[in-house]
Amino acid sequence: MLVIMQTAPTEEECGRVEAAIRDMGFTPLRVPGADRTAICVTGNRGPVDPSFLIRLPGVARCIPVTKPFKLVSREVHPADTVVEIGGVAVGGPDPVVVAGPCSVETEARTVEIARALRAANADLFRARLGSEGVGPYHFAGVGEEGLHTLERVREETGIPVITEIADPRTAERVAERVDAVEIAGRHMENEALLEIAGGLAVPVILERGPSATVEEWLMAAESLLAREKRDVVLCERGIRTGGQRRTLLDLHGVPVVRRMSHLPVLVDPSHAVAERDRVRPLARAALSAGASGIAIAVHTHPDTAYTDPMQTVDVPTFEGIQRDRAKIREFEAI
Amino acid sequence: MLVIMQTAPTEEECGRVEAAIRDMGFTPLRVPGADRTAICVTGNRGPVDPSFLIRLPGVARCIPVTKPFKLVSREVHPADTVVEIGGVAVGGPDPVVVAGPCSVETEARTVEIARALRAANADLFRARLGSEGVGPYHFAGVGEEGLHTLERVREETGIPVITEIADPRTAERVAERVDAVEIAGRHMENEALLEIAGGLAVPVILERGPSATVEEWLMAAESLLAREKRDVVLCERGIRTGGQRRTLLDLHGVPVVRRMSHLPVLVDPSHAVAERDRVRPLARAALSAGASGIAIAVHTHPDTAYTDPMQTVDVPTFEGIQRDRAKIREFEAI
Amino acid sequence: MLVIMQTAPTEEECGRVEAAIRDMGFTPLRVPGADRTAICVTGNRGPVDPSFLIRLPGVARCIPVTKPFKLVSREVHPADTVVEIGGVAVGGPDPVVVAGPCSVETEARTVEIARALRAANADLFRARLGSEGVGPYHFAGVGEEGLHTLERVREETGIPVITEIADPRTAERVAERVDAVEIAGRHMENEALLEIAGGLAVPVILERGPSATVEEWLMAAESLLAREKRDVVLCERGIRTGGQRRTLLDLHGVPVVRRMSHLPVLVDPSHAVAERDRVRPLARAALSAGASGIAIAVHTHPDTAYTDPMQTVDVPTFEGIQRDRAKIREFEAI
Amino acid sequence: MLVIMQTAPTEEECGRVEAAIRDMGFTPLRVPGADRTAICVTGNRGPVDPSFLIRLPGVARCIPVTKPFKLVSREVHPADTVVEIGGVAVGGPDPVVVAGPCSVETEARTVEIARALRAANADLFRARLGSEGVGPYHFAGVGEEGLHTLERVREETGIPVITEIADPRTAERVAERVDAVEIAGRHMENEALLEIAGGLAVPVILERGPSATVEEWLMAAESLLAREKRDVVLCERGIRTGGQRRTLLDLHGVPVVRRMSHLPVLVDPSHAVAERDRVRPLARAALSAGASGIAIAVHTHPDTAYTDPMQTVDVPTFEGIQRDRAKIREFEAI
């Protein structure tokens, strides 16, 4: 913490700030400047709460110096974290491809899709049990019964399965039957869910909230790591902006967060775009920007998908994305 | 739904769209234009899913005509809804003032604050049981034990009490012991919580999510009204923008939402501003813009408040806000 | 400038940073911490360019301490600036009301409006000569010929007149014939225009750019003050956000900028709202939030206004706004 | 235009709307629905101004059907536009690479950079004559004298040169001496500049404004095409969002705008990122997303670049970007 004094503070004002810093158990260090006097707070081992200091006479601003998160930070843990989901390494040198319909559908249809994805070399299968959004007029999802369908997918194809947790009352039961769970962006700051997720035996994929900064996203992940959870994967899936698209896929954020944190970062272009024909260019771009993998909504009959048909691609498009991945693997490391 | 055809569609393309509309059980109506042909979908009683139509050959765009919400809408229910919280009318001609510390503190301190607020004519008392935000480094809140403190506040002062619900596992227990519950902005799209809230016996205050549009906020409220819940109050508390403030209090939204919906709209300036001295001007402005009331973080010793001290005002400032309210009551109705 | 070193920097790394600071002519001051070492740059009289320091080995971040602007800042100039426009004080204890049609229309219609506004006690008259927006399909404005109409308005009613400057080739000619000029938000960062504006004899009203932070807005104003221009007025007129409104009137920004700067701040609710019936509530709220005045689009026949008819209010609504202003004058000072 | 009537409009209300549409010279077509009656405006050849209709009794909303732009639209001109800059095709099958220092520096340094870029196969050379931003404390640029330096670059290396126009008073003189001009994002809505640009003999690169939607950007381009200017190139360079980065490079926008418009779209990752090490991943991603080319700030001695040194890459990094481009050329067309 750096306390910036107003122009020409009195000695008494500076002294009172220094005394307050000492009262907090820290050591003040005065930095006189031409225009400004600043007083550094030293000796602290984490962020200092500025509430009290900012209100002292003569104080202009308090500037935090220590970043609010530690455990997720690359400075603390320089090597990339690699998370195993059902034996598939996420965050290693090879980007992974997660695929599946948006929602679990009937067992027959869901297994048919999974077989097509297996043939097209998808690494992981993902489908949602619950509703796609808020409001009384949506498809509510198949609910917990879909877990049986996901188990059938794994049996039939051998692909590890992932689904969403959204309710603290059922999250543990869901997690017992899949290979990883996902927390949707709109639950990124759902503390009850994060608390449970921090204790699960399977990896947790944490989507970025639609208006969360990278710092807030990392802070939500920090609350998982602070519960000794190590197998956490981040997932970018579009943020809100001033434009007319519902969400904007923040590929710019990929190198930003890769540099700040050691956690793997997936990108889900399907849920960020409104139209099918943008999925492949953005999947390419995500992998090119250095994402640890991509998550794609794919269906054998996308026009009749239960949810999100407009953004769901067909299997031939998915095969094209897989060929793109192969090309991108030839890129130089940077 | 209005289906806009691409420039110069063929008769076959138009015919296929019309057939598809008939297959959905609706009636197509062709609107030929100079540049454009449009085909209206008529006979539908709610929003039409455009997924299938948009993919037909020759279709350029689909424009929804029916708004996605009904029950919250002023068109369906022209008169203002008035919600009673412990006998206090919210949404009537007189704006209400909700006040309290951000978090429940010790019983002694909390009751002391409540007495001061009673003396200053606060209508409703609000304090949070849980954490102020996400991450492992926050004050976690007093938890359910604070309910006893809130009951003591009500006994001692007679002011009805409000607290937050954030966890579906405890929401019903909490609701039994207070006069109204609040759902924080970051839980606006927490379906499990909304589902429970829709069945509670006490009124629900629904904060706007920090990146929610007015339409999405009303849609979350719609999901409460769709469960026969009638006593719903909206609360604006700041949204995300491109600027450097953490949140921007959207007073512009007050007349916007008041016109679209019959539900009362509170404004919470305290949680949107970073600094204490902005609370009173924005409280004034909120009431002047037509809010149904304001919610203010007040403390007898704001510098030592357990949470959010920087934005918490003292009792004399709160008394000033009450004098402002009295002045604003003299405004002409518009 | 505060240079934050990465965790556990070597003595050599710290030494190299200190040497670089000395090379820039400043004095380094090392601040050892538990987790972090920081090195303060002292002795500088303005912002320090961090480009070079950030690239030295061992440096994690550079944090600016000196704010980028000075002349507009309340710290440098604590008293409110009062700007005289044709004898009307803007920024004094009494808020002003600017009114007029969006665009100059025919002389007869424009003078008719001005007479009605004079009768309703408008302080200043404003109307645009040019186009309302970009693109080939807009009304292009009456152009410089409208200056004669504005002069007639002043003769007939005695109200000082304001118009927009938007082209460096004509700005000086325009400024000679009016009492103040306005720079629209979309020209806030038009350096050529700011350069000319800095040398004009009449006051300059500088609108905030639609995505400008308060800091960037003040920096644009700083470039006027740096040219010895003192009579500068700020004008908030809506910013971009993630919502569905074209712009959001940032009333929250009024107390923020009033505290940071000594310059007067007008609010233009008309151009931020899409609909007429929101103008009066937001005008009230702007004055309640502490604006130095408001600017309202008014017309004797708003439905036939040449530009922006949907947001233009009629004269009786304007009279209501004036009655609101009278009530708000009775508020306590805060 | 589609006029949506309020629930249960009277026959008189509908009749009045139909009469008003006929008065405007168009033909009304009534569309009765279960909940809603809509009245289509047909026979119009461009956008209809809704101002008058929206105010008629019984009207709920007016929905525009005709898009506001035509000439830039892919519907009107399905084939990709290819723009020649000094003999280099922009918008053809091969993506181009624009490179150069942010600002023209001394002749010796600038020519040295250009030679290195020629050796590294840059297609086009770009450097600014003016200031990098607003405010009195920036490097003001070399001004028009830099044109001679740019001419020397062309002579020495044969690379076509591009610079920015920002002032209507000098734009034509500048354009005479370079191969293309660029309009910065902050001038995207500078009508005076667009008017001149529409008449220039050389191609115009139009950057997207930092808070402009894709639609507004295309509308600014439309105003060039409406002046018979055909050789227009778009350039994405970062937009404002709710996050903490100054700008966010909108790669998502590339496939969006490529589908809407036939104009070439460059991406400038350098000006959108704050740090050098993000330039190459985002350059890769931009080309992968389908950009017509990229514009990169490169310097032989980036740490001492006159402007923007933090985001300026060195020549070896640029050579890596060129190798990436070669790989991306092998991608399948989609």
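Letters A, B, C and D mark the chains as written, and numbering starts fresh at 1 in each.
Quick note on the criterion: a residue touches a chain if its C-beta (ideal position, glycine included) is under 8 Å from a C-beta of that chain, and two chains touch if they have at least 3 such contacts.
As the structure is a prediction and not an experimental result, all values here were calculated from the model.
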A-D or A-B: which has the larger count of contacting C-beta pairs? A-D
Taking each chain's C-alpha mean as its centre, the one farthest from chain D: B
Compute the distance, rounded to whole Å, between the mean C-alpha positions of chain B and chain D. 38
What is the distance, in whole Å, between the centres of chain A and chain D, each centre taken as the mean of its C-alpha atoms? 31
When the centre of a chain is set as the mean of its C-alpha atoms, what distance in Å lies between chain A and chain B? 26
Out of chain A, which residues touch more than one other chain, so two or more? 211, 240-242
Residues of chain D that touch chain B when the two form their complex: 2, 4, 6-7, 29, 31-36, 38, 40, 42-45, 60, 63, 65-66, 75-76, 211, 240-242
So in the complex, which bits of chain C are touching chain B? 211, 213-215, 238-245, 248-256, 259, 272-273, 277-278, 280-282, 284-290, 320, 323-324, 327-328, 330-332, 334
Chain A residues touching chain B - in the complex, by the definition given at the top: 46-47, 50-52, 54-55, 68-69, 130-131, 133-137, 166-169, 186-192, 194, 209-211, 216, 219-220, 222-223, 226-227, 240, 242, 303, 309-310
